[in-house]
Amino acid sequence: MSVREVEQTSDKHFDKALLADFRRVRLQSVDSCRPLQLEDYGLQAVAETSPTKWHLAHTSWFFETFILKPYRADYQPLNQHYEYVFNSYYNGVGEQFPRQKRGLLSRPSVAEVMQYRDYVDGEISALLGADSEFVEVITALLTLGIHHEQQHQELFYTDIKYNLGQNPLLPVFTEAPLSTRETATLGEIGYHRFNPALVSIGYGGTGFCFDNERPQHLHQLSGFCIADRLVSCGEYIQFIEQGGYRQPQFWLADGWAAVQQQGWQAPLYWQKIDDCWHEFTLHGLLPVDLDRPVCHVSAYEADAYASWAGARLPTEQEWEWAAQQGHINGSERRQQLLRPELMTQPNACDGLWQWTSSSYSGYPGFVVEDGAVGEYNGKFMANQLVLRGGSCVTSPGHYRSSYRNFFYPGQRWQFSGIRLAKNSV
Amino acid sequence: MSVREVEQTSDKHFDKALLADFRRVRLQSVDSCRPLQLEDYGLQAVAETSPTKWHLAHTSWFFETFILKPYRADYQPLNQHYEYVFNSYYNGVGEQFPRQKRGLLSRPSVAEVMQYRDYVDGEISALLGADSEFVEVITALLTLGIHHEQQHQELFYTDIKYNLGQNPLLPVFTEAPLSTRETATLGEIGYHRFNPALVSIGYGGTGFCFDNERPQHLHQLSGFCIADRLVSCGEYIQFIEQGGYRQPQFWLADGWAAVQQQGWQAPLYWQKIDDCWHEFTLHGLLPVDLDRPVCHVSAYEADAYASWAGARLPTEQEWEWAAQQGHINGSERRQQLLRPELMTQPNACDGLWQWTSSSYSGYPGFVVEDGAVGEYNGKFMANQLVLRGGSCVTSPGHYRSSYRNFFYPGQRWQFSGIRLAKNSV
Amino acid sequence: MSVREVEQTSDKHFDKALLADFRRVRLQSVDSCRPLQLEDYGLQAVAETSPTKWHLAHTSWFFETFILKPYRADYQPLNQHYEYVFNSYYNGVGEQFPRQKRGLLSRPSVAEVMQYRDYVDGEISALLGADSEFVEVITALLTLGIHHEQQHQELFYTDIKYNLGQNPLLPVFTEAPLSTRETATLGEIGYHRFNPALVSIGYGGTGFCFDNERPQHLHQLSGFCIADRLVSCGEYIQFIEQGGYRQPQFWLADGWAAVQQQGWQAPLYWQKIDDCWHEFTLHGLLPVDLDRPVCHVSAYEADAYASWAGARLPTEQEWEWAAQQGHINGSERRQQLLRPELMTQPNACDGLWQWTSSSYSGYPGFVVEDGAVGEYNGKFMANQLVLRGGSCVTSPGHYRSSYRNFFYPGQRWQFSGIRLAKNSV
Amino acid sequence: MSVREVEQTSDKHFDKALLADFRRVRLQSVDSCRPLQLEDYGLQAVAETSPTKWHLAHTSWFFETFILKPYRADYQPLNQHYEYVFNSYYNGVGEQFPRQKRGLLSRPSVAEVMQYRDYVDGEISALLGADSEFVEVITALLTLGIHHEQQHQELFYTDIKYNLGQNPLLPVFTEAPLSTRETATLGEIGYHRFNPALVSIGYGGTGFCFDNERPQHLHQLSGFCIADRLVSCGEYIQFIEQGGYRQPQFWLADGWAAVQQQGWQAPLYWQKIDDCWHEFTLHGLLPVDLDRPVCHVSAYEADAYASWAGARLPTEQEWEWAAQQGHINGSERRQQLLRPELMTQPNACDGLWQWTSSSYSGYPGFVVEDGAVGEYNGKFMANQLVLRGGSCVTSPGHYRSSYRNFFYPGQRWQFSGIRLAKNSV
């Protein structure tokens, strides 16, 4: 339910399930951090990878800023400086502490951030425990805040992986056991074929979705084929070994420039040891499994691989239509496995976000919400591409087939993989 | 006609109109440079703005590389180093002299470049004067080369404007007289309204078009409105004076970053003198005319203006559909006027390319041509936006309503303006 | 005593005072860190300002690398990766972990670094407890290591000040009380006058000195005058308020470029609050005291101030000669005062390093030591200037009048101030 | 004779030799450019290498600014914009057109710059033809301007070499014939030995010198040895082939950083063709002669070579003292040879500037001149090193043994070579 469409009704009581949801998700955030040592909470290797501590504080800031300050009578912030320090990018709220310096915030300490979380949680509980004439708008904002926190739960994993990955000691995040297998047993990729069709794209349900998934609208698809699984590490190694990173004809011009400027020769986190490919994972340094989907590639690499393989990336509408038809499934986190599974395992899900060729932009009829909360999605509709599918670090219950993730085409630190598509001839 | 679809037929004679076209366009290129002094031919202020001399040579290189070398028996290049020096971006042909250093090529001299043009022209004439079993493919490539040269004729104007504009002496390119008027007499912008429709987009004719205009395909449009003229300088000055460049809420995130990093406070070439806005033009420094369309804005500025005005940019399909219906016209160069006309003049055309909100990508079913000539368009389908409409420096006869120009959203040195659109409610 | 000059003698016992010295200095390093929270130990705001934890580990690495590995029989390193991770700049030892990434080393944890210190201390104690045929070389290296650790004790203060200073919460390092006074009571600077003389420069004693203080040599001085105190904050504020930072005629060309590129308008750590100058200190944010010496200025600012004041900076030889004559005293840390004292207090020392106009280079006859330890000083003899005098954060017992500190002229995060000089007319 | 020391005397006539000198040097500047094509005059590859046209204009600007405007009654500038456009770095005169954009000044054209030269020359002639009460100060300034123009004559050669050297066509500047020889016949370098001495350094004569050569002063030298010739290309190739560019122990820290960041593997202009070293020269691309002095090395390379060879660079005082004693000679341009000669030829001079280990700073008692002309030398006394000796492109009559040239230690586009020195043991 979007904030903008809320209308005041006569109901003044909060649904009890809301507070339960809130508490469950808030606990999950803290729970995910347990494997860390205290010194790990402040790491920030590049501007994009925020410290764990900052994620824990910023998600609290979101509830404080958009719910407690406007709707909790006589609300007193725990620390007035936090408004500035933990604002991510909301110009409508005020100035922000520079993103690339978040790793320099040794204070507030981890303990103080946990205290901040408790304080906000207590205030939200109190707010929801009482009757209110703003039940609907608060419910909408709190639901948004819960989904916002789930997004940061995923960023926690992607960011801590990158940040720990800078350490030559290659710290192991989780000791959970992992089966590995280096012998490829996968068959060739198959393709699902779709006829031209005028289809409905976007969220059409009655539950929560982000504003960028709406409005639902008609879209004319040409005929196309879409792969029945992701590209495997074994297949990608062939691309590498046949000189894929050295042949400009497979690459978009901006992609080729990125290859040369950044010296890419393999996916992020890959290194060759004794002539054998290894990858740094949240389970430590491991040999690359040929039958797992290739991960941590940019859209440029995905596009180049597709060109090399005589295919292309799907559009986001093709992807969504195939998912609506039940031919593609999304992924979320399962127990302690923080890595995509072997594609040959029964019931394996893809475990990765999948680059599409679609630029991230507003659907026809899309309108930005009023106020600072309107900065949530709309202002990023330039220069980014849509990814679909969820991943092995997406929070349980967070994914939808209409979900639109988005990143710049040169970014590699997300759990991003490759699904191929083709024109239907 | 696309190169890929050419089939060999029994006809071995070239159409005589082809050589005439070739000669006419080749002469236009040289003719456009007449106002320059010899020292101006080598200027390159930034990587994007190539020297005049380089445009004159590279267009010749195109004919030499794609026609003379493969199809002219015993062809001897005038200078074998030119293959490297004047290759723009065709990796399939070989390495390229670095783009940002083109201004350092004092040799070959202008005279030697003119000699190179003559040499290539003579060889092309000889090739076309004889029978050939490759008539169709050569005709297709030569037609492509002619349109390619027309594109560089436009770049000549945009680049020399930028390059001369770095000189504090503010050189006047053309002395052609210009009427000016500083009193605004324009009424408000009106809107054409369109109903939802499944429409055909892309080139469907039998003449020449670039590969990126095809295949023609169906596209579902929602209802929309599109403005009946471009945004005027007078209107844009209101945006400036009401603080448009200082208020992040109107801007895309990447646009706001650009404003801050580059210190934008007005369109490119504008400066305030004695509290009055002036702009550097190819006719010299002139006061800004309130009733001319605002020019040399980035897509970020166009988008921010639209937000401020309660509107949005059109998609390229909306634009094309409105043009197909006769509600928008394209622009080309007229005589000696190298500036958009006053919008109040009878028969005035817009005179500017118009940013759309559409990312530049392949149409459904688009396939890149084989070989180096396939690098012409396809590899740029990332991070750029489509512009529609032609401009006051577009070569006569070059424009089509299906024409897709494309630049990065932060670029401002093209003749780019703003047409607004709105959702139909 | 220099390493190179050690000769083997018959004495095989270590002087017991050596181990006592070692233990005392090692304890001081840990003791200095007590006010920190655990999260502070990893901070690194820029490449130059290493994390506290890194200083604690690198100083241990020094003893391990130059003493334990070569001279301790069967020495087993605690962790073999530390050789790479905690190497600062000794190419002779091997590759180094990139300096600018030291802040990303959340592991080893602080506890593990303390364990590393204990391990090294224990091994050194064991080494010194037994007879050895290498007593002299080990003594020389251990003495060097002790002085090396004292240098890092000072860097600990300068670096943590900078690193905490990035935090908008402005953390207070020490709560030790400080008297402040905003009324200036200082008189004008007086000058000591010196006649031309052929003087001895460099260390001539029998104790420890760094290799760059030797050989002692003759130097011909022209007549000169040197100030009897440092430039005060009050005097420097006049320079600021009379436009010193906006007038290029006072500045070296490279200094003026630095002013413009970095936007300097006052010393590092200064900010104006309610029209009153304040400075961030290790005691927190405080009003600027007019009678304290101005601190945290670059050599460019020192030189520009001197030009503005009709004076110049002294050469290092002038400074040393004046110090030899008893007219200038050096400074070291006193109790808990981590800020230069008021110049009007009885027994106040200057409390700051003082920029000289002398480039850091080898004295006549200087020869670099053999081996990796030869990289200690010699390879930095380019582009840096000598500072003299010690400071309020220099370790007790560390300073000599022949001591040569050196930094790049644009650096400001050291405790650096200004002493004026003049030609004698 | 320094400007500051001029006193008004009763003589009101100008020495006729002065005008003759002026005319001779002015003509030389234009004469040196004859081999150029018109398109070459505007080239600027990097900020340091100004266009030929700019040198021709700026030297005229110097006379206009410092002589004609203050001392020529009713002087009318030819173009008032030139004051800004051709100001190099004199803040006392006003703002400057950005240095790195000089290559974008296609206007004024070469013809207009020549007209500017003629105009200034005519005005100077007129000024000198009449009596004046300012004879002495004008004489001093004109003499300075003449030497200033000679400095730019040398920069013309170094800059055009660099600028043409960017062109893959490798243009030949001069067709003058050159003997070459690839067989090394040189013996080992010999050394002149000097005892410790208190010597006079700086210019002590009555003719012209730059302010930085004064005041003459006493300097205490330790004993030293200085090489009897420069390091040859053959010797330098051994340094390269024995891995000199890959071994950090020979390099200053800043030098090693430069090697890595800039990928140095040989002197500037060197390239290997068919396993044989070649160098781009003003005579075109030529094989490296083993017996010529190695040229176009930075001070970092000179210092690293010296370390590798077990020697060091001389101080500027050592160099000057050896020159005073007749053991080293300076170099100037000879006829049409724009390259250092073979060291085995009779009467060969060194032909290169020689890096010293001395930082460029004011001599004891040095005082900057008042006014804008005081910016000539003094403000560059930071971060640069002194070179001594003159070169094969230094203007005839320009050199003195007290002459102090200065550049940043990483710069390589000057004609700079290596003379070794050693401590006397």
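Letters A, B, C and D mark the chains as written, and numbering starts fresh at 1 in each.
As a working rule, a contact is a pair of C-beta atoms (placed from the backbone, for glycine too) under 8 Å apart; a residue touches a chain by one contact, two chains touch by 3 or more.
In this text the structure is predicted, and so the values were computed from the model without any measurement.
Summarising the inter-chain layout, the chain whose CA centre lies farthest from the centre of subunit A is D.
With rounding to the nearest 5, the Cα superposition of subunit C on subunit D corresponds to a rotation angle of 180 degrees. Put simply, the C-alpha centre of subunit A and that of subunit B have 38 angstrom between them. Spacing of subunit B relative to subunit C, judged by their CA centroids, is 59 angstrom. Interchain contacts (touch definition given at top) occur between A-B, A-C, B-D, C-D.
On the subunit C side of its complex with subunit A, the touching residues are 37-43, 45, 81, 84-85, 97, 101, 103-110, 163-164, 166-169, 171.
On the side of subunit C, the complex with subunit D involves touching residues 89, 91-92, 196, 198, 217-222, 248-249, 251-256, 299-300, 303, 357-359, 361-362, 364-365, 367, 375, 379-383, 409, 423.
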